[in-house]
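Order of writing sets the labels: A, B, C and D. Residues in every chain begin at 1.
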Amino acid sequence: MSSSGIVFSIIAICAILGGLMMITLKKVMHMTVAMILTYFSIAALYVLLTAEFVAVAQVLVYSGGITILMVFGIMLTYHKAENRDEEKVSSFRKLITFLSVATLGIVSYFLVAPVDFVAEEIFVGDHTKAIGEILYTNYIIPFELVSILLLVALIGAVLLAKKDKEEANE
Amino acid sequence: MMNEIMTSQPSWLNVLKFTGLGVALILVVILFVTYAILAERKVMAFMQMRPGPNRIGGKLGILQTLADVLKLLLKENITPKSADKLLFLVAPVIAFAPAFMVMAVIPFSENVTFANLNVGVLYYVGISGLSIIGIVAAGWASNNKYSLLGGMRAAAQMISYEIPLVLSLLGVILLTGSMNLNDIIKAQDNVWYIFTQPIAFVIFFIAAIAELNRGPFDLVEAESELVGGFSTEYTGFRWAIFMLAEYFYLFAMSSLITVLFLGGWQPVMFLGFIPGSVWFALKFLFVVFLFLWIRFTFPRIRADQLMELGWKVLLPLALANVFITAIIKEIFFR
Amino acid sequence: MSSIPASSFLLLAIILFCIGLYGALTKRNTVVVLISIELMLNAANINLVTFSKYGLTPNLTGHIFSLFVMAVAAAEAAVALAILIALYRNKPTILIDEMDDLKH
Amino acid sequence: MIRTEEMLLNVGPQHPSTHGVFRLVVKMDGERIIEATPVVGYLHRGTEKIAEDLLYTQIIPYTDRMDYLSAMTNNYVYCHAVETLMGLEVPEKAEFLRVISMELNRIASHLVWWGTNLLDLGAFTPFLYAFREREMILNFLNELSGSRLNYSYMRIGGVKWDAPPGWIEKVQDFIPYMRKQLAGYHDFVTGNEIFLNRVQGIGKYTAEDAFNFSLSGANLRCTGASYDVRKDDPYSIYNRFEFKIPVGENGDAFDRYMVRMKEIEESINIIEQACEQFPKEGSILGKVPKVIKPPAGETFVRIESPRGEIGCYIKSEGKTKPYRVKFRRPSFHNLQILPKLLVGESMSNLVAILGGIDIVLGEVDG
């Protein structure tokens, strides 16, 4: 096994471990911390796929995102018995869900297993620059649309979360 | 270096080589941290007209920090009874690990760069944001109300300051046309970015102080308000790890400012015969001194004012800076 | 580099996607459900990036699409959290199956 | 604002910013304070009760320990009360020494307040600057009374010691130095943008509120009400000196800060005049009987301490021990407005407001 193979195995194990911990742990805070492992492993995976910019963007977006989720987890569940939510989901439902998800996984495995493309050096040089150039030429319209989407989401989120008038008067 | 690891065959020699380099860097940084703490105390003492540490290691207190570290190592590691034990243990690690990871991309001289990433700047910003998770986790896991408030403040502060920080960098990146830190230094051959991007420098510096959680933005610890903030319940070496992370970031952030705005290892004109690493060290120490100076001069800002400053002043300024830089570059430097 | 087969990346993506799906279906805490959905999107991203290096016509489009996915995920999370706050104000719960009232 | 769970936070009795063992139970929603309840009494020593079982002269050291930052004024108010009760005449020289020492003490007290208040606001350095000047004043008072903090310098009918040779000259030399340093303080702190943001508009109340809560000292004068016992009900020899009563306008923490800073200036003016007029000759103790036994009756006197109007009530039944001693302790009264000020403020403002009120726990708890 080459060194990249070893690195891949470690990363994959970390990612899966984080995911499994996310499902099994009880407290929201623990889950979010477990997810850091997964998100970070995925970023490492991108580096392995020579997608440094995507990897860094992943870390940048999710380090902020996780922090926010943590804050929400604390704000909305602090002091409450967090494992209350586990009891109510019946183990039957869990089993059914697990079986169907597992089936999906196995089916897709057989779809994916024969895939055997060869990795090619898609671009020699500065990936980041190339991504920027493509974004501003071929994909300029989707790019602008995404920025509008983000702006709309921002405004919408602010409006939704804003204090109600009567509540402010209270 | 990154690609070297990827392509090289796995061998014990390689493992040794890379581990050795990592250990060497960590030793250099720890040496810096030891003396940064001493320097901080000495500078503070000088500004406050007192002698400062002067008992251990002669009149200058050269061994003071070592003694302090020894003391912290010998102290009991107390875990509060109602704390979340696992997260309480893990949080210092989450806070510390990124502090060391960011060192990898910083070019300390012409030849010494550990990873010549083409997204160096973004790498730094992204990774350093991870530390906040450790701080929030520590605040929550301590099960102390002051810690919790400190952790929440950390999250709010990070969100308000990350954005102006990144946006102020855009001006520099625009002028360089690269996010590679080595390229950024090379682009400052003639004139440093502090002169061509003064607004970006000011925004970056303010946001950097907030990012470092140092005075006047040390709301996360705010000992007069929140006792010790997120680290209230931490003792002994776990607390030391948090402090270590803080000073690692001081090192990294000062290096980054040196690289981005002060020309890194580029010499001042006519003085090219002095090696680049010396220039880097000089500029770097100046930036560290600035951080210390500001810390001892200003009172602490209030949490809501801090966010107001971040969102209402720094963010629009940073956006305007990007806009103006883009226009100027388009017109004059095409 | 080429020693890792493309299928191993895809397999990892499948596993993560399944974990995310399972979490989204069984968890009741809205914050956790959100995390699970993000995990599924991430799994899709792995595929996109993988195929931009492997495949018949490898190019940077995969990178670009994964960036778009991230932006959309961020927007989604922001709106979801805002809705969560709005709901929480009416009814102090973050359990997703207790939020089934159309009107408070 | 999301209605998250309210949090009950005990600020103190061990907290860096409560200036002693003061406890504040605050109910918080996030960082916003919904309700604040001060809990006092951790430092209660029963001074007034103890005084009932002591000879009149023995009570003086107990008054030092009340407001330990300005022991001179405490000494004075007690001695003044006994003197009024007995109708004693105090020699001029003693009065001059009393005024100089009290005003020096006022400056020292305000310097401690200045340093600690800024320490609360997160500025560490001013604290050490303030203590440099305070150290000099403490040295003066040490030379005068033999003690640095709990002076017990005043005696019924006069003072304990005469000024040592050259002492008045040393104090006179100190005056220009202190003026220079004060200007430096203003350069260093008062114009600082962050500082202004932290204190302007914080903890605001009107003169009416202040009167209703019976606030006094800088806490009252910051609202614009000009009331100072030294002017309005002159005691000792204050009517011989020219000084102004600084007042504020808005009644916020910044005005309290400015009023105190200006008071330091006025104290310097008083000391300057007192040193010039200082009589070279004369006794320092009036004609005091060997056994102090005030005639039956009661009296109440009040003076201006650094923290406000400090009063002393004594009821005598003609014995060697008082029947009842009661102090009106300004810190205790000033503290009463705190719960009203804190509602709706953040944790950061809590320390700014508490620091701005300038309480001394020894005095609050008696």
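As a working rule, contacts are C-beta pairs under 8 Å (C-beta built on N, C-alpha and C of every residue); 3 or more make two chains touch, one makes a residue touch a chain.
What you are looking at is a predicted structure, and each value in this text was computed from that prediction instead of being measured.
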item	value
Chain pair with more C-beta contacts, A-C versus B-D	A-C
Innermost chain by mean C-alpha position	B
Averaged-CA centre spacing for the pair chain D and chain C, given as whole angstrom	63
Gap in Å, rounded to a whole number, between the CA centres of chain D and chain B	44
Interchain centroid distance [CA atoms averaged], chain B/chain C, Å	31
Distance between the centres, which are taken as Cα means, of chain C and chain A, whole angstrom	5
Multi-partner residues of chain C (at least 2 other chains)	1, 85, 88-89
Chain D, residues touching no fewer than two other chains	2, 30
Residue list for chain A, restricted to those that touch at least two other chains	1-2, 4, 48, 53, 57, 68, 75-76, 78, 127, 167
Complex contact set, residues of chain A against chain B	1-4, 6-7, 27, 29-30, 33, 36, 40, 47-48, 52-53, 56-57, 59-60, 63-64, 66-68, 70-71, 74-75, 78, 126-129
Touching residues on chain A, where the partner in the complex is chain C	1-2, 4-5, 8, 12, 15-16, 19-20, 22-23, 28, 31-32, 35, 38-39, 42, 45-46, 48-51, 53-54, 57-58, 61-62, 65, 68-69, 72-73, 76-77, 82, 85, 88-89, 93-94, 97-98, 101-102, 104-105, 108-109, 112-120, 122-123, 127, 130-131, 134-135, 139, 142, 146, 149-150, 152-154, 156-161, 164, 167
Touching residues (chain side chain C, partner chain A) in the complex	1-12, 14-23, 25-29, 31-32, 34-36, 38-39, 42, 45-46, 49-56, 58-61, 63-64, 66-68, 70-79, 81-86, 88-89, 94-95, 97
Residue ranges of chain B in contact with chain A within the complex	2, 5-6, 8-10, 14, 84, 86-87, 90, 94, 117-119, 122-123, 125-127, 129-130, 132-133, 136-137, 140-141, 148, 151-152, 155-156, 158-159, 162, 166, 177-180
Parts of chain B lying in touch with chain D, wherever the complex brings them together	44, 47-50, 145-146, 149, 152-153, 215-216, 218-219, 222-227, 296-305
